[in-house]
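Shown below is the structure under consideration.
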Amino acid sequence: MKRIGILTSGGDAPGMNAAIRAVVRKGIYDGLEVYGINYGFAGLVAGDIRRLDVADVGDKIQRGGTFLYSARYPEFATEEGQLKGIEQLKKFGIEGLVVIGGDGSYHGAMALTRRGFPAVGIPGTIDNDIPGTDFTVGFDTAINTVLESLDRIRDTATSHVRTFVIEVMGRGAGDIALWSGVAGGADEIIIPEHDFDMAAVAKRIQEGRDRGKKHCLIILAEGVMGGNEFADQLATYGDFHTRVSILGHVVRGGSPSARDRVLASKFGAYAVELLEEGKGGLCIGMLDNKVVAADIIDTLENNKHRPDLSLYELNQQLSF
Amino acid sequence: MKRIGILTSGGDAPGMNAAIRAVVRKGIYDGLEVYGINYGFAGLVAGDIRRLDVADVGDKIQRGGTFLYSARYPEFATEEGQLKGIEQLKKFGIEGLVVIGGDGSYHGAMALTRRGFPAVGIPGTIDNDIPGTDFTVGFDTAINTVLESLDRIRDTATSHVRTFVIEVMGRGAGDIALWSGVAGGADEIIIPEHDFDMAAVAKRIQEGRDRGKKHCLIILAEGVMGGNEFADQLATYGDFHTRVSILGHVVRGGSPSARDRVLASKFGAYAVELLEEGKGGLCIGMLDNKVVAADIIDTLENNKHRPDLSLYELNQQLSF
Amino acid sequence: MKRIGILTSGGDAPGMNAAIRAVVRKGIYDGLEVYGINYGFAGLVAGDIRRLDVADVGDKIQRGGTFLYSARYPEFATEEGQLKGIEQLKKFGIEGLVVIGGDGSYHGAMALTRRGFPAVGIPGTIDNDIPGTDFTVGFDTAINTVLESLDRIRDTATSHVRTFVIEVMGRGAGDIALWSGVAGGADEIIIPEHDFDMAAVAKRIQEGRDRGKKHCLIILAEGVMGGNEFADQLATYGDFHTRVSILGHVVRGGSPSARDRVLASKFGAYAVELLEEGKGGLCIGMLDNKVVAADIIDTLENNKHRPDLSLYELNQQLSF
Amino acid sequence: MKRIGILTSGGDAPGMNAAIRAVVRKGIYDGLEVYGINYGFAGLVAGDIRRLDVADVGDKIQRGGTFLYSARYPEFATEEGQLKGIEQLKKFGIEGLVVIGGDGSYHGAMALTRRGFPAVGIPGTIDNDIPGTDFTVGFDTAINTVLESLDRIRDTATSHVRTFVIEVMGRGAGDIALWSGVAGGADEIIIPEHDFDMAAVAKRIQEGRDRGKKHCLIILAEGVMGGNEFADQLATYGDFHTRVSILGHVVRGGSPSARDRVLASKFGAYAVELLEEGKGGLCIGMLDNKVVAADIIDTLENNKHRPDLSLYELNQQLSF
């Protein structure tokens, strides 16, 4: 293999640039040429491709977002799109591809592999909702960003004796809510993977207030419902001076944390090694603190992401 | 004067604790006893008052919120409330009061002064909408918090070539939007103090896009309209891949900036000096980089807060 | 078991307060009384002990340092010290002890256990140099703090085309240097666990400069030598416009990261469970992403902490 | 005037990039061509000059350092250097120059003006030691960076009941120490502009300890002496468990604060306006919260920077 390509796809996540840097530098270190593809699969099909040199990834490891841009591109699910993409790769002499993104990106990598073009997936999303890895690139930064906001909101909640509903991202997964909730000492954590009883929530808030508690912080995963809807439902049980805060796209950006940069660097270097060994159709992950690779088709079809539900129980014991 | 009291009122703001600390320490340094009143004017009327010692303000200067708690208490506008409040102050032997907060708090201080009880106001609000001062305690922290969010959102906006409408606090004032917008290199700043033309905004976004601009950030003061409403109106002019981010209560909290702590410390110490000199009915401010005091009634009745509109024009020249 | 005690010992680390909170809240949740011992083993011997309630750990999860204070107390290595400590514990009816700290603290816990008093150790140190765990409480925060400083120094190094030697903490271990070095894109990482050749370092700096590199960042673990000594040795090979920055105690403090708070919460709750089951003489750890406990004597005597040296090799391939 | 140039000189400071961006964008907005000169006066003499477009300053406002690089270049004090510099400017058709930096940079601008080439100076340094302005670009960021470190050190100092000597930058000026010391609640602030008595310092530390104070933070401006030297002198009066922390180059970097970005934007735009009006030989400043310009020769020769010594007295009253 002489030339490899790299693209980022789906929602951007902090650490994507660190992963791109690792792929580029590791590739060049090993004597390869590395090509960057702009705007994900859309740019792949359009041939928006350029060679990346060491200088192109200088001063990028600490930047949020992705300097290769990203885009959602459902058209890549079609045979036409995939064939066109492979044609573009061949035009540039690219023999292997690294794809950084979420499960949509994995499907793209899987489709390429099925058509004989070796592709390797790196899990990059703040939501942590990818099977085959304990942690995705971007998750650690995201929970720290949420945590900073929780710490800020606690100041205000305490000063005014208020209940706060804080809606956090995560798509269908509760990982961001769980981790930031435990770390932030949230009173309640509401996630899609665990049922909840609004009446019981209201009762616990009232009991806390009766005991002199100055604030109540409820972390709500967006996969359950919206923050305003939650507050409306809660209000039917009493007036808890509730305020809603929706931590939206702020959580996607920012300079990546140390963990995310290290994870991204390990993943990026390993992806290059896999391609050099002629291995495609794999997705990389961190399982039990070890970098691993697994069949991407098998991972998507037979595995399901599960958050660490022991955190849910832990929080119930620590935040009564 | 032997005993003075202090309370915080209205919305909490970073730096309020630094101001309380300054009042307590300066008071004790000068030989006074200082009493803290919890929950603003509500606590004053209820007699929720306790003596504060140096140890009570230890490890507080860096904390957001207000450890004396705050509350809105419209009942203090009544004669009954005011007389009851003065009765409580006299019961504790308190002869002068420092009030930290926004214009509602100033009205309370003014009412006490009119009834013969000397009160001094310190402007504490993130909104910067108090007459008689160029800067309020909390404003500098708030614009830095907004700025961090802008920098994060820019990562994501650039990665996806999107338009972002970022709604920021400020009540009726555009100061937060103006300062954070200029500092964040916003493409558009929409404030209550300056009219705007949605069609022209849409046209500039389109022109920027045509020139290859990767993102468009619009900072919207909440006093104009809500972020979602703005996005809906903008959408009638075209599809700009708009996302909305509402930076709510996150902006109220957080450890105060260096400026806010210094401002709060100066204001707090000066408030004590004024009461020691027997001067009540004053509000403190920073005008032209100097700490000043002015008649609180005159300030509220004859002055109006105006944001620095030169920033508006500056941004138009720098973010075309 | 009805009453348990908790103390922090050795150098303080971010997340110690989160661990104390978890011990207190989990204990009370399970119906125990929890006692806090101030100033580590020194306070234990002196009987500086008080009952902790839920309110005592409110608003503490986000604080750096340890609100139980810490102290080094070599006298606890004596029989007299240990017997006196156990006497104090019995006086308060305390039947089990949680000790948070580094290996010195572990030796204290081991000594108590050997004398029949059940003690459980939680690894708390920024240095990550404790056997029996992949990560200690405080390490994740420390590497993020170092990383922030590296990002700042890179600004200045790039602006002036300079070489920077950045000395970081870690006692005899290179973990902080390794992780922050990889995350920060350091050009060189110098650690005690890997030899280095000053002439080769100088040669690589010169080659980088010849290729137009704007800066060179060298992360130096304090366990190798001091930053100024390193710079002096480097200077014998040429003038690289070297500056030295010693990131000292700044790295010990600060609000703990999300990871550290979650780790501390898990460890704290598990320590209580172990004591409830009558298990003493254990140290808790996170191995392969799972919370585990092992015999504290065996761990100290037969295990040795080893940093993740794959990071060293990774950095050589990414920062050539 | 059709073409203007811009350079940064001396030590880099956060906000320099925001000032460059403002000069470039304001210049282009007004129909000028703007040229960037790399490496300060050294690059000017060498002709390291290139045209800057709007895209060159995109995504720069939030970056620390200076993307035009900086350098110290004492040779510019010679007639030969100055004539060569003017020759280079003329070769590119540049008719006016903006210089961002400290007093060395101002001397360069003054020399050019004296030789008939209009130059305008913008005060850019973290040290705040430039006459003709209350605040320099970079100072606000620097004091916030110091403050973060102080807050972190306080965690550790409190946990261990220690005295900390924190040496901060500032060259001959005490501004950084003064502002960050007041904002950080320092127990002692030692600056070049005010004498101090080591015996009295030691006495106050001992008294504080006797009253149960958990820590003592001493902020020391580098212009007085080094931190280790101070600690050695202090140690002759007793053992205060002193640790020294030297906050070096970390304080130079980092993303600029909101204030610094706004200040830099105002200064940059105003510098362009002055050159457009044919006014050279001026230095820009913020005096009494207003942007002003003054004769650069007169300012350097007849003015002297003075820190706000009222802060010194304030701290004595608040941190007894």
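Note that the chains take the letters A, B, C and D in the order they are written out, and that residue 1 is the start of every chain.
One rule holds for everything that comes next: a contact is a pair of C-beta atoms (placed from the backbone, for glycine too) under 8 Å apart; a residue touches a chain by one contact, two chains touch by 3 or more.
Keep in mind that what you see is a predicted model, and the values were worked out from it rather than measured.
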item: Components of the interchain contact network lacking subunit B; value: one piece
item: Most widely separated chain from subunit D, with each centre as the mean of CA atoms; value: A
item: Distance between the centres, which are taken as Cα means, of subunit D and subunit A, whole angstrom; value: 39
item: Distance between the centres, which are taken as Cα means, of subunit D and subunit B, whole angstrom; value: 28
item: Centroid spacing, where centroids are CA-atom means, of subunit C and subunit D in whole angstrom; value: 35
item: Overlap residues in subunit D, where contacts from two or more other chains coincide; value: 151, 154, 158
item: Which pairs of chains touch, using the document's own definition; value: A-B, A-C, B-D, C-D
item: Subunit B-facing residues of subunit D, complex; value: 21-22, 25-26, 29-30, 59, 61-62, 134, 140, 143-144, 146-147, 151, 154, 158, 179-180, 182-185, 212, 255, 257-259, 261-262, 265-266, 269, 287-290, 310-311, 314, 317-320
item: Of subunit C, residues touching subunit D in the complex; value: 8, 12, 14, 63-66, 69-71, 145, 149, 151-156, 158-161, 164, 214, 243-254
